[in-house]
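Report on one structure; see the data block that follows.
In this document, chain identifiers A, B, C and D correspond to the written order of the chains, with residue numbering beginning at 1 in each.
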Amino acid sequence: MSTTNVAFVSAQVLANEDLGADCRLLRLAVEPELDTSAVRPGQFVMVRGPWAHHPMLPRPFSVLDTADGQLEILVKVVGRGTTLIAGLHRGASVTVLGPLGRPFPPPTPGVRDLLAGGGAGIPPLYLHALRAPAGSAVELLYGGRSAADLVLVDRFAAARLSWHCCTEDGSAGSKGRVTDLLEAQLDFPGDQRVLACGPTPMLKAVASLCEARGVACWISLETEMACGIGICRGCSVAHPEGGWRCTCTDGPVFEAGEVVL
Amino acid sequence: MSTTNVAFVSAQVLANEDLGADCRLLRLAVEPELDTSAVRPGQFVMVRGPWAHHPMLPRPFSVLDTADGQLEILVKVVGRGTTLIAGLHRGASVTVLGPLGRPFPPPTPGVRDLLAGGGAGIPPLYLHALRAPAGSAVELLYGGRSAADLVLVDRFAAARLSWHCCTEDGSAGSKGRVTDLLEAQLDFPGDQRVLACGPTPMLKAVASLCEARGVACWISLETEMACGIGICRGCSVAHPEGGWRCTCTDGPVFEAGEVVL
Amino acid sequence: MTVDLAMELCGVRFATPVLSASGTFGYGLETAAVLDPADLGGVVTKGISPLPRKGNPPPRICETAAGMLNSIGLENPGVEWFADEKMPPLRAAGATVVANFFGDDPDEYVSCAAALDKIDGVAALELNISCPNVAHGGMQYGTDPRLAGRLVSACRAVTTKPLWAKLTPNVTDIVAVARACVEAGADALSLINTLSGIGINVRTRRPRLGNLFGGLSGPAIKPVALRMVHQVYAAGLGVPLVGIGGITTGEDALEFILAGASLVQVGTATFSEPTAMLRITDELRQWCRELGAERVGDLVGTLKV
Amino acid sequence: MTVDLAMELCGVRFATPVLSASGTFGYGLETAAVLDPADLGGVVTKGISPLPRKGNPPPRICETAAGMLNSIGLENPGVEWFADEKMPPLRAAGATVVANFFGDDPDEYVSCAAALDKIDGVAALELNISCPNVAHGGMQYGTDPRLAGRLVSACRAVTTKPLWAKLTPNVTDIVAVARACVEAGADALSLINTLSGIGINVRTRRPRLGNLFGGLSGPAIKPVALRMVHQVYAAGLGVPLVGIGGITTGEDALEFILAGASLVQVGTATFSEPTAMLRITDELRQWCRELGAERVGDLVGTLKV
């Protein structure tokens, strides 16, 4: 890992917007020591609020977007830590460590990027699409159980991204899972890659689809983390040839064959 | 202890006012199960905020005033628990257990009550003065290091209480300690009692003054508490004839001779 | 789905598996204004000794991260007072009473057990060989398997009521102590009591407790308690276990049950929230539903390792 | 008032008494972007074994109340790699390095000690006889005073560098183990390592750690750690102590120092706040001022009991 541009800073909550589906969008003003322009899509930050020892550990969140001195993250409430972070008021102080981890590979001229994500797995894909140089071929495939889960569609539209969505109950987009969308897109004749982020079963399905079609596939993993910077060895995932990879420093983005899901 | 009117309820912070000198006044809306009309001056409540396990224990606060379904407490910030409670926003939820403990003896016709208090030790005395029946002779003696410490003087004035104050630096009232004020008042010819609340060294000084003059003296004690209701035995104070008294159920108000200070 | 929360232990029926822990619920009626003790699985009393005990000098409690230290020192007015003053109202209230007891030496333990044996309405005895706060009558019996076994045998001889032994976590090998107690005739094992700890006031450079040493309780100790319940359960000693340590939610209680506890006790949580045991019971019922268990007993020891 | 924070231990000078704890600061340079290891009292490395070790299956960490469980299992690439890859940059960075090490059996311990003895820039060796997460090379040495003593003797024989023994809290009698280590030649004692604990995911009914058992660290364990430092200090064994367990503030560090620690190590706090050690050092300096201590060393063991 190159930690040279990692900073540990205190940050202020500038806004906390309810996106529905237990998701909130937090905009954070970070101190200048954290160079937001250095953040690459797929990277994450460790965030901790002003509470005492419980929870004690910070929580990892992908960077959704950056602006000068500001970071946005999408927080889906799943447990105690995310409940507290999602409940932070405007003006609250948090600490932010980042940017961390290996980003998605940047768009390559002539290669189409298919970005497959669901629920809280969408932020790094959104940033990848947003940052793709003009003329890149990037398609966002966004799935959820129902329309309410697709919390970022307004942003997609506002940013004029190219995207397709699907829901399990058919309430928005096509009916089905994001892997169905992906399968349909994989018939595309030219060079392409898949970048995916979401729950592990989805990543497994995506990876095996890609393997079957011989399409390069990158996935962003989520594991519990203590440090986020490679010192605790708590975030290990198995490598197919034995040994471990650290999700926080070798990942969170891995090529599908690099890890055992 | 009679616990028959004790209730454990959830409450909402209605207002949180900065009084200066690290003190805040919190007004709490308690559920109807807590009968605020049953609160007697000198009684306290155990308050806990919506944080997880640190701090874990609730904190005891004297009741400053009550209104229909509402309680007021004065919170002086001295450590982690009071910092968090003092920082609660309007609308925050807390739990309240109370009313608890033995109150001050009610005013007796023909006997003057001298109430000696300082800093965060003033709330129960204020309530005693406020609730004294018309015609009772009640004098509040209020001391602090400097004028800013006398956080309740506006209320005293608004309630038309009879009061004297003093400060160590002479910035308000007479220069000196509350025991100086008290000593001057003890020359009063008629029947009188002293009710005191404040730091232990002050209580000691008050008690010995009263003993020397043969004046009845009641003091309100502060100790660390876990339960507030007599089940943990954590709040013991020594009785002069051996054994312990529970500050939470035998007190917090004791006759001076009942406890070893 | 209705869930059957009742558990039977050594012939005693507990309406729910959630009991109060000794020393954290007085004698069961102090909180009657907010909680009916008959709604609990049972009330485990504050530790009782044959003669009154004064306890330790203050300060007796201090808070720590997600926990607290106490050095109450087993203050209590003695077994006679308990029988005369506390048992009649407890019986009237319909509470299931487990009497926690101790002594300064083996003779005292035995005389207390014998006295409790005769008290109508005491459903079971919990032998405290684990209090870290008193010089005698405390932890040394619980850290030496031979001494623990002898004490259990001696008490066993004087009571026909179910005898639970309450173990201290301050040992290298909890299974060795547990085994000694079971071999000596304990009907059930309660674990754990508090971890020995201290706190220091840096300003005064003095201990934060009058007695220096105290017992650590609360959520902080839950992982240790759970580990010990699992280890003792896995040792297959053939007696039911009572899980104690840092339980504040139904999920916590269920963790202990999955690890092998038939009953649980709630201690420190009652201080933060006097009605915690009722909430925990409700949450536990809800968890049984979610896991599809019709009887909480079906979940005991079902951790998949 | 200027405060002298430097401490000398067995001939090694530590610029401050605040060191990183093993396993919670990697090999000292991973966080170089936010913290210069030369600003610390010292860097205690992740546990080193003679041969590379794979460690335990995931999940390897889970959070608990004011603490965490870990079952990393001493994953490390071995002593040779440490010497070749990690020591040169650490030397260049000017860090004071204490090498924490272990082995699967006594021979491995000895060969690791011998290898570390030869590495230029390793200021002292910390013998880990206390890891609860591995079947061998771990806690059983630390729970039996005889085994602990033998291991210390054997390592003592192959190194002239200061040898610290790091003790486990999972014992009945910490002083017995401490004494055995000192009699066998340990120059200093580090205490404590983690408390053994488990966690259970009630939904899956599976352990929260791949290895089932893990080590509990963080603020939750501070009262236990402090108690053990006090007990060992009070036993007067004549060697300096290194206090570890739940330190997150300068006040915590000072509690350990008053209890008898000459140095402290900060572990889990680094995960919440990578620069915690620097803040703790500043706060400790401030406390020395408030207490009127010109040298932090003057405060060691000054608890008034």
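We take it that a residue touches a chain if its C-beta (ideal position, glycine included) is under 8 Å from a C-beta of that chain, and two chains touch if they have at least 3 such contacts.
Being a predicted model, the structure only gives us computed values, none of them experimental.
Trainee: Just how many steps, at minimum, does a route from chain A to chain B need if it may pass only between touching chains?
Mentor: Counted as steps through touching chains, the separation is 1.
Trainee: Report which interface contains more C-beta contacts, comparing B-C against A-C.
Mentor: B-C
Trainee: Would you identify the chain whose Cα-based centre sits farthest away from the centre of chain D?
Mentor: Taking each chain's C-alpha mean as its centre, the farthest from chain D is B.
Trainee: CA centre of chain A versus CA centre of chain D: separation in Å?
Mentor: So the centroids are 36 Å from each other.
Trainee: Averaging only over C-alpha atoms, locate the centres of chain C and chain D and give their separation in whole Å.
Mentor: Measuring from centre to centre gives 34 Å for this pair.
Trainee: Could you give the separation in Å between the centres of chain A and chain C, each centre being the mean of its C-alpha atoms?
Mentor: 47
Trainee: Multi-chain contacts in chain C: which residues touch at least two other chains?
Mentor: Where chain C meets two or more other chains at a single residue, that happens at 65-67, 218-220.
Trainee: Taking each residue of chain B in turn, which ones touch at least two of the other chains?
Mentor: Only 52-55 qualify.
Trainee: Mapping chain-to-chain touches, which pattern fits: line, ring, star, complete or other?
Mentor: Topology of the interface graph: complete, with all chain pairs in contact.
Trainee: Mind pulling up the chain B residues that touch chain D in the complex?
Mentor: 52-54
Trainee: How about chain D: which of its residues touch chain C in the complex?
Mentor: Against chain C, the touching part of chain D is residues 64-67, 69, 143, 170-173, 195-200, 202-207, 212-214, 216, 218-224, 226-227, 230, 246, 251, 254-255, 258-259, 287, 290-291, 302-305.
Trainee: Quick check on the complex: what are the chain A residues that touch chain D?
Mentor: 1, 3-8, 48, 52-58, 95, 97, 223-227, 229-238, 242-244
Trainee: Applying the document's contact rule, which stretches of chain C touch chain B when the two form their complex?
Mentor: Within the complex, chain C touches chain B at residues 23-26, 30-34, 46, 54-55, 57-63, 65-68, 70, 72, 75, 218-220, 248, 268, 270-275.
Trainee: Can you list the chain D residues touching chain B in their complex?
Mentor: 65-66, 219
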